[in-house]
Structures are given as C-alpha cells and as structure tokens.
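Below is one structure, written out as structure tokens, with a few remarks after it.
Chain IDs A, B, C, D, E and F follow the sequence of writing; residue 1 opens each chain.
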C-alpha cells in the first residue's frame, strides 16, 4: 500500500549543442592560455551538453504525478534549450558576455533560470560536458 | 590503511519489462485524456524499466562486504522482478488496480516492497523509465 | 581533399515505447506457452524500442549532405513513430493482428514501411528491444 | 584451436570536441538558412564527436595482434585529434574553408587522413555527432 | 505486409569478467615488455568483456523467430560464459596456455566455440574489451 | 546573473583495469568458497573499474572554476591509476595484502588516497565494478 502525497524526486534530461571559448577579461593573455589551455583557442570549440534537472514535490493522489512533464519541458525549452542550443555561449547568451562560460558557470546560470518553475521545487541542476566530466549545483 | 566497519553505500541495478496504462478512476474521461495524453491510450503501452536500489551498511571487516549480493538478488527477484517482469502493471499487480501506475507510484511501491530487506538499510529506489526520465524515492 | 559525391551511410536512431504479447494463432495454447514463455502472458508487457535506420546516398557537393534529416524525421514519424509509439502492437497495428509481434517481425515491418523514403536508399533497419537484444534486417 | 593468421577487424574509438557552422558558399543566404536551419547560426555551435575507426589485418601468430594500438593511437592523434580537438572546423582546418563541415564531409575527411596507416587496412570511419546521429564511410 | 521466411540477423550480448596477462612464449622477455607494455605485468590484470554474437536465419512464419533465445543462451553459457567468467584466461582456459590471450585471439576462440550452434548461422563475434576497444571476427 | 563564489560539485570519471581474487585470511577455505563463490577462484578474475570522484568548492570568480582539472588528473593518476591500472590488487597493492579486495574496500581505499587533494574538498568516491554494480563512500 502506497501512502498519500509523499515527497519524491523527478530527474529529467535535456540536451543541447553549443560552442564556447574560455577567456576571462579579468586575466592577462598569458594567464588565459596557461589556465584554460586549449579551451582558450581563439575560435572556440563545442560540446553536446546534457542537463539533468532534479525536482521534488508531493505526489497528487488523484493523478499520481508530482508535475506534468509537458509543463516542465515547455519551461526548460523556453528558459534554456531555445537560447542555448546551436548557439555560441559567449557571443549569444548575455550572461556569458561578462563571465567566463565554464561548465561551472553554465550550471549555475541554468539553475538560476529554472528555479522559478512553478509546479515543483528545483533541487539541483547537473551539466554533463563530456562522458567523464560533470558539474552539479543545488543552490545556496 | 582502511578503518574498520565504515558506512558505505551499495548501488545495484535490476531490469524488468512491463506494460501500463495511465487512467485514474478519480478523474473523468476527458481529464484522463488531457492529463495523461497518449499514456491514456486504451490498450496501454510499455517500457524497459531499470530499478536502481541503494542500500547502506557497515562493512564486516572479516568479509569486506556490507551485504551478500546473492541475498539481495533473491529478495529483489521475489518482491519485484517476478511479480512485475513481463506483466501488465494495472492488470496483474494488485496495488495498481486501485492507484494509477505512474512511475512515481511505481517507485514508491518498489520502495515499500524492498524496505524490509534484513541485511542492510534501504536508502532509496530510483526507477528509470526512459533514458531521459527517472524518479527517486527515499522514504518519509 | 575530399572527392565529390561519394557514397556514405547515415545512421539515425528513433525511440518508441509499446506493449506486445507473443501469441501465434498458428500454435496451440500449450505450444504458445512453451515457445514464448513469459512473453505469452495474457495481459502483455512492453519495451522501450530503439530503431536504428541506415541509409546510403551520394553527398551533394553544394550542400554536403546525403539527405535532409528533417525530411527523414518527418517520414519516420509518420510511418513508424506515430502508429507504434504508446500503442499495443497486436491490438492497434493492423499487421500484427495477423502475425506475431516478435521483434523479428517488427523489424521487417518497419523496413517495409521505410523503404519508400524518396531521398536516400534504405540499407537496413535494426530494432533494439533490450540492451542485450537486437534484430537487423537489410531486405531481400 | 585457433587457426593461424586470420583476418580480423579492430574497432577503436577516439573523441574530440569542436565547433562548426554549416554555411555553403555555393548557396544563397536564404538557401543556407532554409537547408541548414539552426546549424547556420552565424556564431556556430559545437559537438563532442566520437570517431570509430575500423581496421583489418592478419593476426601475427607470435604476437596475437593485428596492429600495435600505441602505433594507431599516435597516428590518429597526429592526423585527427591534434588538428581537430578544441578547434573550429571551418576556421582552423583548411579543408573546411572550402567545403561545408557537415558530418558527412567530416567523416570523409577523416577517412582520407587515416587511410595511409601503414600497419593495417582502414575499413571504415564512423563519426558519431550526437547519440542519435552518425555517418559511416568505407572509401570508394 | 511482411513476406515469409526472410533472412534476418539477431544480435545478442553476453558479459563475463576475466583476468589475463599478455606474454608470448615465442618472444624474449624484452620483446614481451616492449610489445605488450603494462599488459605484460607479471601478476596480470582483468576486464569486463562483452561478447556480441550475430546470427542469421530465416524467420519461421508460424513462430516469427529465427531461433529460440533460451537455446542460444544455454549454448553460449556452456561454451563460453561458464569456462571464461571469473577465470584467468591463460591459467584456466586450455587454448590460452599455448597462445597469447589477446582480445584478437579471444574473439577467434569464441567464434570457434560458437559456430556449431545448430539453430542459426553464426555470422560474427565481436568482443568489447573496454568502451573504446573491440575486435570482430566473421570466420574465414 | 550568477552570484559570486558559490558552492558547486565537480564529478569526474577515471578508468582502470585490474584483477582481483576475493579470499579472506580471517575465514576458512570452506567459508571463503561459500561467501565469495566464483570470486574466490584461485587464479582470480578482473574488471574494468570506473571511479567517479566528486569534489566541492567555491567558484573563483576570475576563473570560473573550482579546481584545475589538470591538477586533479595528475593527483588521481599518481595516487590511484598508476598503482592500480593493469595490476593485480591483492598481489601488487600493499593494502590488499592484508584486507580483501572487495569493491567496498577498494572504494574506501581510493577515498583515503584522494582525500588529501589540496584544491577542493573530496565529497565522495564511487567505484563502478560492472554496469549493474557500484559502491559509494563519503567518509565518516
């Protein structure tokens, strides 16, 4: 027998492809090259990014769900996929004109954009940059 | 040097294939169609479900393990794989005659069935429904 | 230097979730149970199916592509995903009212439905039923 | 008992991250937008590319191998990974200044660069652009 | 409409874990070290091997299958999984007392052991040693 | 807008191949066989192990990173990959001469070796032994 209205977590994955270049205006040319290595190449490079969103909520006993995935998909598409997918992060996303588009910063930016989702609580955002590399942010 | 008897977590994956149809007796026909969309199709559909079980325990220093995997496998097979694999959730699992077999409810039902495992503490159950979609429940 | 107009193969994956029951009208009840085992359960079960389509063609030198993926996606969606996804194969796809919806037959049915794609030659269709199980058909 | 010197195929995967923009000088601005869609965005985007190389050869009975993987790795790194990884295909690889860096053309360019490997016969090159999309070229 | 009795290919994956050491009696100590590198370490190392078996056959129209997977599983378990899984290849499998247990030789040995399967034609055996490395043998 | 210096987690995967045999000097021969089953085979077996390291830290606003991955890779290679990769755990790693090289103990040993990383806080170590089996340790 399943108790009513339990707290449960939903994990959902989204995908986008983007280019970025790691170059900080707060560092000298030489520091940029030393710290970022080949990620500092002038013409940039790119990745297939995977975004794993985790949300929590109570399960509505009549419906058996914590949130409608169609609502979540529409929100993530508008906030993240449309502005980031097939774009250059530092050239076309305003946040990354000022700060370096490292995956750490990308992860926090996506968290800021998704935390207003009205139908469940955003628990964390994980951004997978390559099969061996990921970052996770759970707010402060 | 490894200290004795530390708390550690074991994660183990199990797989089953089942069919389900999302249809709540607490909703009208029109609400069922609107909320569940194609998941409300009258003849049902199905998935390859992956169940990721996490258990914690102290490591027995003589043996170096927190639980015997053969014991865990036998318990999960009896409680979950045998009754769910190659079955229809709403037609053949009694819990889902009364409540909707959403993956949220499936995840909580599996947690209830596994929490009595005698040799380690059940920490959480995650059910992966598709490569982009999962639910995790850690009890209340 | 890349030569013009070479023959190349495109592989593209599609996904659908469906239920099926293996039961042949050409076999007795006892034969059905013995041959299909738990796949013969009366209420059916289901899978997340992956379809890997391979097509070949010459690369148009002006465009650098053998086929427009948007055209291919529209064709596969109309012929396969819409009629199969979130449906019961034997109850809702007319071919499988007469023949058993084994993955072998499913693979051949998908090949028949896709071989008329006008912009490239269909080479093969592979259907992945579980992570350990797949079938591939390349026509006759 | 294993017979001597049999023909066998070796498959080996390499990974690189690069940016590209699909824009053909043989097409008008409007054709570029219509044919390439969001892949034509002015600032480019990027991918994690996987390259699957297949080579064949006889197995040297004394050594039991068809080629030394260290030799193959050195060759692929020099010919493909160094010039492509963390670079912009159309800005930094000379071939793609003249022809569009579609994955079809990328796949053929990699084949041309690898076919001179001296210790085994190159059978095919497959480039995986996203988890659902790949191209394979086996020469002409 | 699906035509009768078509040729189709079945792919099925099996898994085993084994240890091996690359050391050829036909080579000097120095050659063994130079050619095999760390794979020549005296105490051996190990892998999770995946074996992908491909078989072809006609589809029996009454049953819709080319072979019963239970028959295939029993045959592969007896011929390959039981003698190789959780064993040392060079110490416990007689073939590898005489020849080096490279993955090339392992792949050919598995092909020899499986080609007598009575219910379908063995087309090829692929052995995946690591996520980046595999060998495939299709007989001579 | 991204706030300065937030706590974020970095996850990074490393891979090594090793052999092990489960045999405890604190148990009788019969107990070793009963408890460890085929893992107690005298000649050992092996695995492709994946190590998932999680570290946390503040993001340096000038650089946008919590730690330089080159520093982390050098540390993990020296502490774990070099001594474990292509080696026999119980024969060549001193810790496992005294204690059983179960994956639980391996996971804790790796945590002990990595917790001194100077540039970020080690949160947890997860060791994946097979695709269905993993252990995670977060210290005490």
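As a convention for this text, a contact is a pair of C-beta atoms (placed from the backbone, for glycine too) under 8 Å apart; a residue touches a chain by one contact, two chains touch by 3 or more.
None of these values were measured; they are calculated from a predicted model.
Listing every chain that touches subunit D and subunit F alike gives A, E.
Placing every chain at the mean of its C-alpha atoms, the farthest one from subunit F is found to be C.
Superposition angle, subunit B onto subunit E, using Cα atoms only: 180 degrees, a multiple of 5 between 0 and 180. Of all chains, the one whose Cα centroid sits at the greatest distance from that of subunit E is A. Shared numbers divided by all numbers used gives the overlap of an interface; between subunit A and subunit D this overlap exceeds half, so the copies present the same residues. Chain geometry summary: the mean Cα position of subunit A and that of subunit B are 27 Å apart. Separating the centre of subunit B from that of subunit D, both taken as means of CA atoms, is a distance of 41 Å.
Counting partner chains per residue, subunit F shows two or more touched chains at residues 131.
Taken as a contact graph, with one node per protein chain and an edge wherever two chains touch, the assembly fits none of the named shapes, being neither a line, a ring, a star nor a complete graph. Contacting chain pairs in the structure are A-B, A-D, A-F, B-C, B-F, C-D, C-E, D-E, E-F. Taken in their complex, subunit C has these residues touching subunit E: 22, 24, 26-27, 35, 37, 95, 99-102, 104-105, 107-109, 112, 126, 131-138, 140. Against subunit B, the residues of subunit A that register as touching in their complex are 1-3, 6-14, 59, 61-66, 68-70.
If you check the complex, the residues on subunit D that touch subunit A are 15, 17-20, 38-39, 41, 43-48, 85-88, 91-92, 130-131.
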